[in-house]
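Each of the next two complexes has subunit A plus one more chain, namely subunit B in the first and subunit C in the second.
== the complex of A and B ==
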């Protein structure tokens, strides 16, 4: 049996993460049905809106508390990517534009891009060879 | 119904992430990196495509969809330009997300003061 604390954490992550998913779908519907934006573009606008608010709330200083409360519920969605980026660049701001912000903005989010690209390349080749694309 | 599926799928992915965080020594960086790789892997047999059809926004929000979109962009270009296309198209679908995140993070950093 998992400890009650872990059960509580898992429930929090499930509910918060699920809610972010619902917000995402809600935004897509607003963009496609009310603003007549094509679906593919609507998906991208949805990501941009989530990234914007996660970054803004991080910069304003209170998103850190949300993240340490909801943990995976906010880390696994795209909000976590934006939070990682903005908090890293803010943290190193005092070290300057190049050695501070420039060198550290991808500190945490960089590994997502690195392993995403390498994995997509390898699996892409596999799929290309198996199915021709 | 798509809202229910969105909630269930996004919640489920986060739940797995939390279970990994609570029961192993892996950090959030590990979890997100693993999930991106899983997202790309699920696209070898077009599984993630079906999840997106089914769960809509709930499938696009978790970081797994980043791996899926990298794969898709790469394969779309690979149709026209064979293996070289993989590199040409890799960022086609994810570029807007990454670039917005970079630009937004940069300007917010200039405007706001760090907490400590």
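== the complex of A and C ==
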């Protein structure tokens, strides 16, 4: 049985994921310095840009190859979330807006939302109890 | 459970394959190929129905027979509720039996059809199977455009439909015997590791077939498993040697490995799916038998019998293998 190259995969994820982070930071810098957008809003715009391109590339049909190659490098950043939702809606669009896209778009990303909200709640309580908010 | 058949012959066969199979080493042996996975249809499911219908139409054309000349259509596929076969049967309007033993459905179809033919209860029978890569991915795994990281030992569901016509009319290839396999659960939960899951079932069926008919592995020019992939193939060779003392190194191959150029195509360890065993056997292998390069072939189609629900419930995956012996007659 072939073993997965764990070190190799970790390096790929580090480099690709890191590059996505660098691109995000560059976008924030461009937005704040050149377009005079406040940093808090610039963060949101950066996320929108990354989500847009991850979804567009998924729809164009080649992003899944990038993701299966780079693995965690593209799954962990917001690109992975966008990819999961777009790929699910593409797959089920023929089954209708409600029974298809509506009920399947969160097929993969639903757990991220659910446990993200639950975790935020739990850590919020811990933070409140330890540091008083 | 081994059955010997009398007067069951292979009249003709047809194969329709998708883009990856067409680019594989056996590409030129298929009757029809598509370079797009949609095949002009709107969905993966409809594409699979289309190629299955194509394969039967081609078969009827080749044999100059009409639908009304066919007594029975047996078909299996991987889609839930067997929709590819069921909808194709609605289009064909031939008396129909749907069969499911996952990727072992090809051999299951042949052995059911051959039993009825052997008793002279029917005269002509078409046994078909189909599988569709993205149709199966969608159903068993993740959306097809989702880039799931996969281990190297996983297999790639092949896209294709293949049909074989069995008849009581004499031809130069006969269906000599068949062994109905026993379901074996080796206790593996890793659904990507199909080769290791199915190898014990294949070994068990091969052993029982040889025992029942008092044969040695060397009796066959070729023993062919359906879709173990390159690692499952090695496991089976080892398993046959250590468990049963049978050496099959020289006359054994796996359709899943033969269908693709495993080194250069993005197919991991090779093909899987009901189409795998049928695409290879009904084209390349039957051609070799007709040319006299092979005279006795044992097809051992292997199937993993899980559903997405049992996988999510963390149950291990049981597997089955059915064997069909094809022989050239003078």
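The rule is short, and it goes like this: the second predicted complex is superposed on the first by the 129 of 133 C-alpha atoms of A that agree within 3 Å, B and C clash if a C-alpha of one lies under 4 Å from a C-alpha of the other, contacts with A are read in each partner's own complex, and residues count from 1 in each chain.
By our rule, a residue touches a chain if its C-beta (ideal position, glycine included) is under 8 Å from a C-beta of that chain, and two chains touch if they have at least 3 such contacts.
Not measured: the values here are computed from a predicted model.
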Clash or fit, subunit B versus subunit C on superposed subunit A: fit
Which superposed partner A:63 touches (first subunit B, second subunit C, both, neither): second
Which superposed partner A:31 touches (first subunit B, second subunit C, both, neither): neither
Chain touching more of subunit A, residue-wise (subunit B, subunit C): B
Partner chain in contact with A:77 - subunit B first, subunit C second, else both or neither: first
Partner chain(s) touched by A:101 [first = subunit B, second = subunit C, both, neither]: first
Minimum C-alpha spacing, chains overlaid - subunit B and subunit C, in Å: 5
Subunit B/subunit C common contact set on subunit A: 2, 58-59, 61, 64, 71, 75, 84, 86, 90-91, 94, 108
Subunit A-facing residues of subunit B, complex: 2-3, 6-15, 17-23, 28-29, 31-33, 35-37, 39-41, 43-44, 55-63, 65-67, 70-71, 74-76, 78-79, 82-83, 86-87, 90, 96-98, 100-102, 104-106, 108-109, 111-116
Touching residues on subunit A, where the partner in the complex is subunit C: 1-2, 4, 58-59, 61, 63-69, 71, 74-75, 83-84, 86-88, 90-92, 94, 107-108
Subunit A residues touching subunit B - in the complex, by the definition given at the top: 2, 6, 9-10, 12-28, 43-44, 46-48, 50-52, 55-56, 58-61, 64, 71-73, 75-78, 80-82, 84-86, 89-91, 93-94, 101, 105, 108-109, 111-117, 119-121, 123-128, 130, 133
Of all residues in subunit C, those that touch subunit A in their complex: 42-43, 138, 142-153, 193, 196, 231
